[in-house]
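These are the structures in question, set out in turn.
Below are two complexes that have subunit A in common, paired first with subunit B and then with subunit C.
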Partner chain A sequence: MTDTAIEAADLTLAYGRRREPALRGCSFRLATGRVCALVGPNGAGKSTLLALAAGLLRPTSGRLAVLGTTPAAARPRVAYVAQDKPLHPGLSVAETLRLGAELNAGSWDAALAAQVAADGELDPGARVRSLSGGQRTRLALALALGKRAELLLLDEPMADLDPLARNRLMGTLMAEAAEHGTTVVMSSHIIGELADACDHLLLVSGGRVRLGGGIDDLVHAHALVTGTGRVADLARHTVVESRATGRGLTALIRTDGPVDPAWDVEEPSLEELLLAHLRAPDAPALITPGTTPTRAVAA
Partner chain B sequence: MVEYRIDRRSGVATYLQIVQQTRQALRLGLLEPGDKLPTAREVVEATAVNPNTVLKAYRELEREGLVEARRGLGTFVRRSLGGAPADTPLHGELLEWATRARAAGLDREDTAALFAAVLEEKFPQPHAAPEQAVPQPQPPPERTLPQPQSVPHGTTTEGDPA
Partner chain C sequence: MSAPLLSGTRWAVLRLHRGALWGAAAFAALAVLCTEVLRRSAEHAGAGTFLGFSDPGTFLGQYQEKTTLAVLLFPAVIGAFVGGPVLGRELESGIDKFTLTQSVTPKRWLTARLNLCAALAVGSALAALVVFRLSTSDTIGTMTAQNWMLRGTYESTGPVLVAYCLFAVGTGALAGLLLRRTLLAVVAAGGLTGALMLALGTLRWDLYPVATATGAATDAANVRIPGLPTGSFLVENGVLNPAGERFDDLHCLPEAAPGTDCPADTRVAGWYADYHPRSHFWYVQLIETGIVLALAAAATYGAFWILRRRTP
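So, the complex of A and B:
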């Protein structure tokens, strides 16, 4: 048993020699039982990171451990739903679920898979090729949940679901996490829908981890300050982003000790924190203690 | 069984919304001593919030002595919050006051602001100190209500402010 779901050290992946690597030097640690939002702009490397953790890609360099072992060895305990929700188009809904049962004999939760499918009013006889994007997503998630995996890797799971379906599925995922301590990693570029469901965050951009850690810890490490001072007055802190507002200045800072009372201080929202870091690609990364890779990860 | 409603745009931390709605249910008598709160699983399934958020809210309620966790059984109400049952005479007086406020030409926002100002004067929030405290980024305001911890079941303790 391990208390670490995913641990990456200096993880790099290049799809070709001439192309910019999709990931370069990613290091982080995700404890088990967390619900982690994997956010970042398009092309940031989110899908690459998930595919690596699912054991579908091999890193160019660096190391990656999943549930205390190699991604390939962890595969029976991991469920991965790729962005394009690959399913066999010629099978019916019922046949797809039966395939899930046979491929995961021993751990398959038929009741849960059937419930997730039934919630979406999927006709058991319908062929996969006739399903809408949202219905296909639901079937893919039914397969993933039915597997009763210890780690769920979901790439843009909510993208083509309507608001009610999103809410229901997120509720089902949270119930799984509450009851079985399942670790969940979900990617999205819409942070709003993840903010309440997740307790952990990985912000990836430009192939690097920019922010990593518990959401509360990351938010508390920053402050949104407004005042008539100058950027130089904030020098003891790390200024992530600053801009002129009226006669004064608004800045998002990573605090180091108390802030001069001349500044009006507010806690940033998660969205403000993420946007500031995305607009300021040169701001130093912050991986909070306990979420940095701790020891040599499995080769 | 209470149902929690999470308002993502309220600006109030999610765990605090659960705490406040539980307190409200206790005040209104929707929950009474001995009643069981929904399990974390039930809450997260209905609201799609993170399980730790619910556990944090329940810990806060436990710290305030309002509920207790019984191992393997669930979380149960220990005592109710008295003070303002819906049929109190205060309700009628407040209704009268609001009617007069409307007659005096105040709109909804004016009235709410006036009420909030009086509320703040009579029930100052412990964390909103009048002097400008060192403005540090603070964790979500954890209300520390000085409340008796050991109270016999079934009694209402919070004295009527009047």
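So, the complex of A and C:
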């Protein structure tokens, strides 16, 4: 057993020699048992990172360890749901679940998979091509949960669900993850969707991890300050983003020691934190100590 | 506890291609049935017209010629099936992202699929061979014996058919994995298989040395070839001058036609004929089978190499 779910060191992936790499020098560590939100703008490299961890792609350079081993060796212990929920359209729901059982004979939990499917009122005889987006997502999740994986990689799992279905499916997912101590990594570009469910965050942008760590730790490390001073007055802190407002200046800073009492200090919301970092791509990355790769992998 | 026959990847592959398998089986059964019915009724029909042909023999000759030519399409269809519906479609639609992240390794999954396709290809090729071999009695038998060297008859009565079908499976796998597009892979795999059959069809008679018959000219003005063994395939013939040099009497006598390569001495002293006797059928078949199987192995290796390079 290992206490590290995913560990990346200087991970780079380019889809072609002439194209910009989707990931460049991406480094982070994710401990087991976390429910991690993987956020970032479109094209940031979220899907690429998940596909690499799922053993679908080979990195161009750098190292990636999943559950203490290579992504290929970890394949039976990792479940992955791709963004477009790929399933064989000609199979029925029951046959799709049987396919999951036959291809994951070692660990398959038929009762759980059937339960997740039944909760969504999926007709076992219905063809996959006749399912709605939400039903399809539920079936894909039933397959992923039935595999009884230690690490669940979900690429925009809730994107095509209505709020009620999203809520129910997220509930199922979280209950299973909590019961079995499963590590979950979920990507999304909708920040609010993940804030409640996740305790960990990786913000990816431009092929790199910009913020990584426990959500609470990351929020506490920052402050939203408002005042009539100048940006230069905040020089001892790291100013992520500042802008003029009606009363003076509002800035999101990474605090280093107490802030001058002349400023109004607020704790930023997660959304404010993420937006500030996305708007300021040159701000230095912050990866909390538990989230930096260990020396063994980085070497 | 031994695993049941239909479980794991085997069940998965059979289920995913159930429709195609049933279709192929139905087509094969229908083809055999049609052939048998037509052959029997033709052989029991009396003299006179038969189904619009002047007599049953003509009908059977045409039927034999056309069906053996149809058999030539068979490997190309298998190649197109493996490249397109089996592999290309899965990669094009992104379903490989599901398949390749299950507990079964990508290599095992590809192996399972190619095993099924190879079994299907070899099975149906053998079935076609058995049908053509068993039916070599009566009229069709005489015709097969006479036409053994013809394109179609040659391929559908020997092991090269099995080899071509296996080559089609390997090429289909390679094309599907490389191109990742259903239509492109169908065209590439079918085309490559057809092209190989076409190329070897013209090269195959050079793969084994010909037998040569020679004799003295009995009548220099009218050189004829005396009877070669029954069913021989004449590759080339001509005449010899006293020095034993070969030349073409039609082009060099009475005087050399412009642009032809004739010896200085064009007196006809004898004749020669290069030919393949009936017994060469098996030598050529086995050599060609070996070549095609080697190419099939190379294509299959290439497919696995691409898979290994692409997925960790």
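Please note the rule applied: the second predicted complex is superposed on the first by the 295 of 299 C-alpha atoms of A that agree within 3 Å, B and C clash if a C-alpha of one lies under 4 Å from a C-alpha of the other, contacts with A are read in each partner's own complex, and residues count from 1 in each chain.
One rule holds for everything that comes next: contacts are C-beta pairs under 8 Å (C-beta built on N, C-alpha and C of every residue); 3 or more make two chains touch, one makes a residue touch a chain.
The structure presented is a predicted model; accordingly, all values stated were derived computationally and were not measured.
Once the two complexes are overlaid on the shared chain, A:226 sits clear of subunit B and of subunit C alike.
In the superposition on chain A, A:100 makes contact with subunit C only, not with subunit B.
Residue contacts after overlaying the shared chain place A:147 against subunit C, while subunit B stays out of touching range. Contacts of A:264 after superposition on the shared chain: subunit B is touched, whereas subunit C is not. By the touch criterion stated above, A:71 is placed in contact with subunit C alone, subunit B being left untouched. Of the two partner chains placed by the overlay, only subunit B lies in contact with A:172; subunit C stays clear of it.
Of the two partner chains placed by superposition, only subunit B is touched by A:199; subunit C is not. In the superposition on chain A, the residues of subunit A contacted by subunit B and by subunit C do not overlap at all. For subunit B in complex with subunit A, the residues that touch the partner chain are 6, 8, 14, 40-41, 44-54, 132, 134-139.
In the complex of the two chains, the subunit A residues touching subunit B come out as 35, 167-168, 170-175, 177-179, 192, 195-199, 216, 219-223, 255, 258-259, 261, 263-267.
Interface of subunit C with subunit A (complex): residues 7-9, 11-12, 15-16, 19, 93-105, 109, 309-312. Those residues of subunit A lying in contact with subunit C across their complex are 51, 54-58, 70-72, 75-76, 78-80, 82, 84, 86-88, 90-91, 95, 98-100, 102-107, 140, 143, 147.
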